[in-house]
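Here come two complexes built around subunit A, the first alongside subunit B, the second alongside subunit C.
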Partner chain A sequence: MNRAINDFVGGLCIEEHKDHRHLPSEHAPLPQLLTLCLSHRGSALQSLVSPSTAVLGGTPIADGDVMLHAPTSGTVEIIDGRWIHLRPDGEDRHAEPFPALDAHVSADLLLNRIHSCGVVGLGGGGYSCADKMQQARAANARTLIVNAVECEPWVTADEVLLREHTDDVLRGVDSLARLLDDPKIVLAIDPRNSAVDRLAHATTSRHGIELLAVPARYPAGSERQLTQIVTGTRLPAGARPLDVGAVVINVATAYAVHRAIQQGEPLTRRLISVTGPGITHPRNVWVPIGYPVDHLLAHCNGGTNATVRMGGPVTGASATSDAAVDKTTYALSIVGPPARIDPCIHCGQCDAVCPEGLSVDALHFHADRRDLAAVDRLHLFDCIECGACDLACPSAIPLLAQFRRLRIALAERADAEVRAEHARTRFERQQRRQSRDRAEEEQRRIKRIEAGRPWLAQ
Partner chain B sequence: MTIVIAAVLAGAFAALAGALLGFAKHTWPTADGALVAAIDALLPQIQCAQCGYPGCRPYAIAISQGAPINRCPPGGEALVRSLSTLLGRSEHTAIDSRLPPFQNLLAFIDESRCIGCALCLPACPVDAIVGAHQQVHTVIARECTGCELCLPACPVDCIRLVRARP
Partner chain C sequence: MARTVSSRSTPEIMRIVAIALCPGIVTSAWVFGEGVLLNVAVAACLGIGCEAALLRLRDQPVAPTLIDGSALVTSLLIALALPPSTHPLLIAFAVGGALGLGKHVYGGLGANPFNPAMVGYALLLVSFPAQLAAWPQFEGGVDQVTGATALETFKHRGGATVSDIWTAANGFGRYGVDGFESINAAILVGGIGLVAMRIIDWRIPAGVLGTVTLLAAVTYDGGSSASLGSPAFHLTSGAIMLCAFFIATDPVTCPTDARGRWLFGALVGALIFTLRSYANYPDGVAFAVLIANAATPLINRLEYRRVVAQ
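Right after this comes the complex of A and B.
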């Protein structure tokens, strides 16, 4: 295993809290009801099923940017435009899988299979894997980065998946590499990861995959920072890894690609960590997509929805009462009682750890005053929402949550401005049309007067 | 004699300067136009005409000529604040209490009751209603600003306000 020679700016060393990394993964029992969301990354999916249809596991039930499949056999219950409720019949029957694709099929066929199995980025981004690889092909990407870093504390789902299914993940990586033109393959991993030995063993027998130990600092696994570690190029603001010829794939995504191509199996379940300081026995559980969060918490003897974050304990957002696991949920974190928030002492720790070099202290100052113009000027939109500032803050100020709220406010304001500009254009167009109509009528009137009344003269 | 020459020269210079300034004011009326544009940029562009002027731009022109700045319910107090900052006028802090609050809703035509009279079409300041005589009309939700001007125009009261932008 090679040690990375490049590094990223900022970041910090944190307690890992990953003692449960050595436990084997478990399977969650089927719940009474699965709730599948009919939107993906903000765009709506079209439902392909009507109410009270019986479906088998693996049947496509919604289509759009990505495809959504029924995780198990059962009856589709309510579709109220936003959700599909699937009531499992308990038999867990599955539709016939797609035929396995061998090593020599065309790239189009591979991409098509990845799309029709509904594979998305499982590291949390959720971007369609087929679209991403298509763009990487078009941009002639030369580096395939497999992201096994999983830098967030308490989360071990990728690590356990990688240890238990090392060969399957590597097969998925091989399939993805076939889509690119002989790329350099780098598997980036934290040296403390328990799958390192197995990986080292597996990668010696195949050539072409470089195992790279990244700096053990948070957030080394963030896409932009990882790209810098691997390629040595710092991504400019707004740039994606593809702009420096790299494409970053999460290990869970690579596994899903393997299942799609070699097993013909749509993405209907995933391994997630149920973890965090608020739970006695953190563990990793295979759950079908759509698993209700409260059910899963009851199964794992965890907290209530009020104390749960969808995702890791640092970057996860609070769960709603009817939240369900979706394709991008990599962990459920039960957080402890909130820490006492003290006033900002302007110590500058947040500035020092920000991996994007943002002036977090100044951002917080203006954010408290809701000065939207100032935070926009301080590049709030370049924030990668890693939460390193939260971890560093000695006053326990929830900076990330504040910045997220501000981003929503800024986006709403920009939206309102666009709408106002649109209404202004339409109003002014109408005004011009009406004044033109009036002028034309005036012209006609003048013509009528000038023409006189010849029929009266006779 | 000297004093006469001085007076004539000064008078000629004053006349020349006056003519130049007058010419400049007529040819490049930018100062006023820029002020109107700045005010117009702050107005919310709902075009609801509750201010008593036929739309946001006419109101912006009126404000630049001294009309009260507290007549825009969609803009709310935030607008009054930013207008008083822009214009240095602090006589108002809140919206005129006689004006009803803005609800931020969208117009919706009940197509089962619409008689196709086309009376609501000219009432809409942003051409957000499509329809023709003897044809059912509908509101383009994306274009509707929620100004409520179409409500009184409808003779059968088939337009109501509905919640929410998507």
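Right after this comes the complex of A and C.
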């Protein structure tokens, strides 16, 4: 294993809290009801099934930017425009899988399979894997970065998946590499990861996969920071890894790609960590997509939805009462009682750890005063929402949550401005039309007068 | 490159700062007698009482804020800055000024532009200058006579050269006044502890002490009657170490970023040297820190503009 020679700026060393990394993964029992969301990354999916249809596991049930499949056999119950409710029949029958694709099929066939199996980025981004690889092909990406860093504390799902399915993940990586033109493949991993030995063993017999130990500092696994560690180039604000010729794929995504290509199996389940300081026995569980969060918490003797974050304990957002696991849910984190919040003493720790070099202290100062123009000037939109500032703050101020609220407010304001602009153009157009109509009417009146019929002129 | 951030909470940080002041307090008591401990006890009690009263007046919850320990640190700094056995009413004046006018009028911890301890001390200094100049002379005996400190001797020496001062004055040690040498050394120990624990940013003491040393070295002419004192004299006299490690480093009133902190430290150091050498008061720590505090928003602005322009 090579040690990374490049580093990213900022960041901090934190407690891992990953004792459950050595436990084997478990399987969650089928729930009474699965709730599948009919939108993906903000864009709507078209339902392919009608109410009360019986479906088999693996049947496509919605299409759009990405495809959604029934995780198990059962009846589609309610479609209220936003959700599909699937009531499992308990028999867990599956449709015939796609035929396995061998190593020599064309790239288009591979991409097509990845798309029709509904594979998306499972590291949290959720971007369509087929689209991403298509763009990487178009941009002639030369570096394929496999992200096994999983730097967030308490979360070990990728690590356990990688340890239990090392060869399958690497096969998925091979398939993805075939889509690119002989790329350099770098598998980036934290040196403390328990899958390192297996990986080192598995990669010695393969050619072309470099195992790279990243700095054990949060957030080394963040896409932009990882790209800098691997390529040595710091991404400018707003740039994507593809701009420096790199494409970053999460290990869980690579595994899903393997299942799609070699097993012909759509993405209908994933491994997630049910973890956090508020649970006695953190663990990793295979769950079908659409698993209700409250049901899973009851199964794992966890807390209630009110104390759960969808995602890791640092970056996860609070769960709603009817939340369900979707393709991007890599963890459910049960947080402890909220820490006491002290006033900001301007210690500057947040500035020092920000991996994007933002002036977090100034952002917080202006955010408290709801000065949207100032936070925009201070590059709030370059924030990668890693939460390093939250981890560093001695006063336990929830900075990330505040910045997220502000981003929503700023986006809404921009929306309102666009709407106001539309309204103004519409109004001005109407004004112009009316004055033109009046002018034409006047012209016609003058003509009528000139035509010698003055009684029409009034 | 790897940066570990202290995972300590703000109250823990304040408690550690208070503990780091202990070597200084103990040495000061050893040099000047129990009057120092009296100062500390009176200031601490007054500080906590005053903080509680002010929180009540502001309709803030008293108990949770009181245990953040920031009022205690402010009181301890004032107690160390005052001559031993200062009258309790004078201490009350300084502590009340510090917490009331220095902190709570601006909205409490984190919102004050000026270092509260230095606000209180400066208020007392301009109101009662004579009482604050009454530092005991120590000649190793129990009978203590109040008299001028080394910095004051330097200021009001007439035409004496440095060696004249050293021969004339009792109690002068190798570099400055014996007792202050030990006290500054003890405070330096506590300060280095804070730097090692990453409670304070090393750049500020480095900036302060570096600038004072540099200016003293540049202006030192070997000890003529116009000499402003050697670097060693400046580094061992007055409240220089207390300022460099405990006062200028107050995160609330110093700039937030690394560059700004260098600039701030250098500004404090330059002001201390200038005030000591040319102003009316023997030591210039309080005014130097307050003036630099006033410049902090401006220094932060430089960083703000740099970030915005990114």
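The rule we apply is simple: the second predicted complex is superposed on the first by the 452 of 458 C-alpha atoms of A that agree within 3 Å, B and C clash if a C-alpha of one lies under 4 Å from a C-alpha of the other, contacts with A are read in each partner's own complex, and residues count from 1 in each chain.
The definition used in the following text is that contacts are C-beta pairs under 8 Å (C-beta built on N, C-alpha and C of every residue); 3 or more make two chains touch, one makes a residue touch a chain.
A quick note: this is a predicted structure, and the numbers were derived from the prediction, not measured.
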Ask   = A:428 contacts which: subunit B (first), subunit C (second), both, neither?
value = first
Task = Between subunit B and subunit C, point out the one touching more subunit A residues.
result = C
Query = Of the partners subunit B and subunit C, which touch A:343 in the superposed model: first, second, both, neither?
reply = second
Request  = Name the contact category of A:420: first (subunit B only), second (subunit C only), both, or neither.
outcome  = first
Message = For A:204 in the superposed arrangement: first (subunit B), second (subunit C), both or neither?
response = neither
Inquiry  = Under the contact rule defined above, give the subunit A residues that sit at the interface with subunit B and also at the interface with subunit C.
reply    = none
Query = Of all residues in subunit B, which touch subunit A in the complex?
reply = 40, 43-47, 55-57, 125-128, 143, 145
Inquiry  = For a test of understanding, state which residues of subunit A touch subunit C in their complex under the given definition.
reply    = 7, 10-15, 215, 217, 237, 339-340, 342-349, 351-353, 357-359, 361-362, 377-379, 391-392, 394-396
Key: In the complex, subunit A residues that touch subunit B   = 416, 419-424, 426-431
Request  = Report the residues of subunit C in contact with subunit A in the complex, numbered from low to high.
outcome  = 1-13, 64, 68, 108-111, 201, 251-252, 254-258, 261, 300, 303-304, 307-308, 310
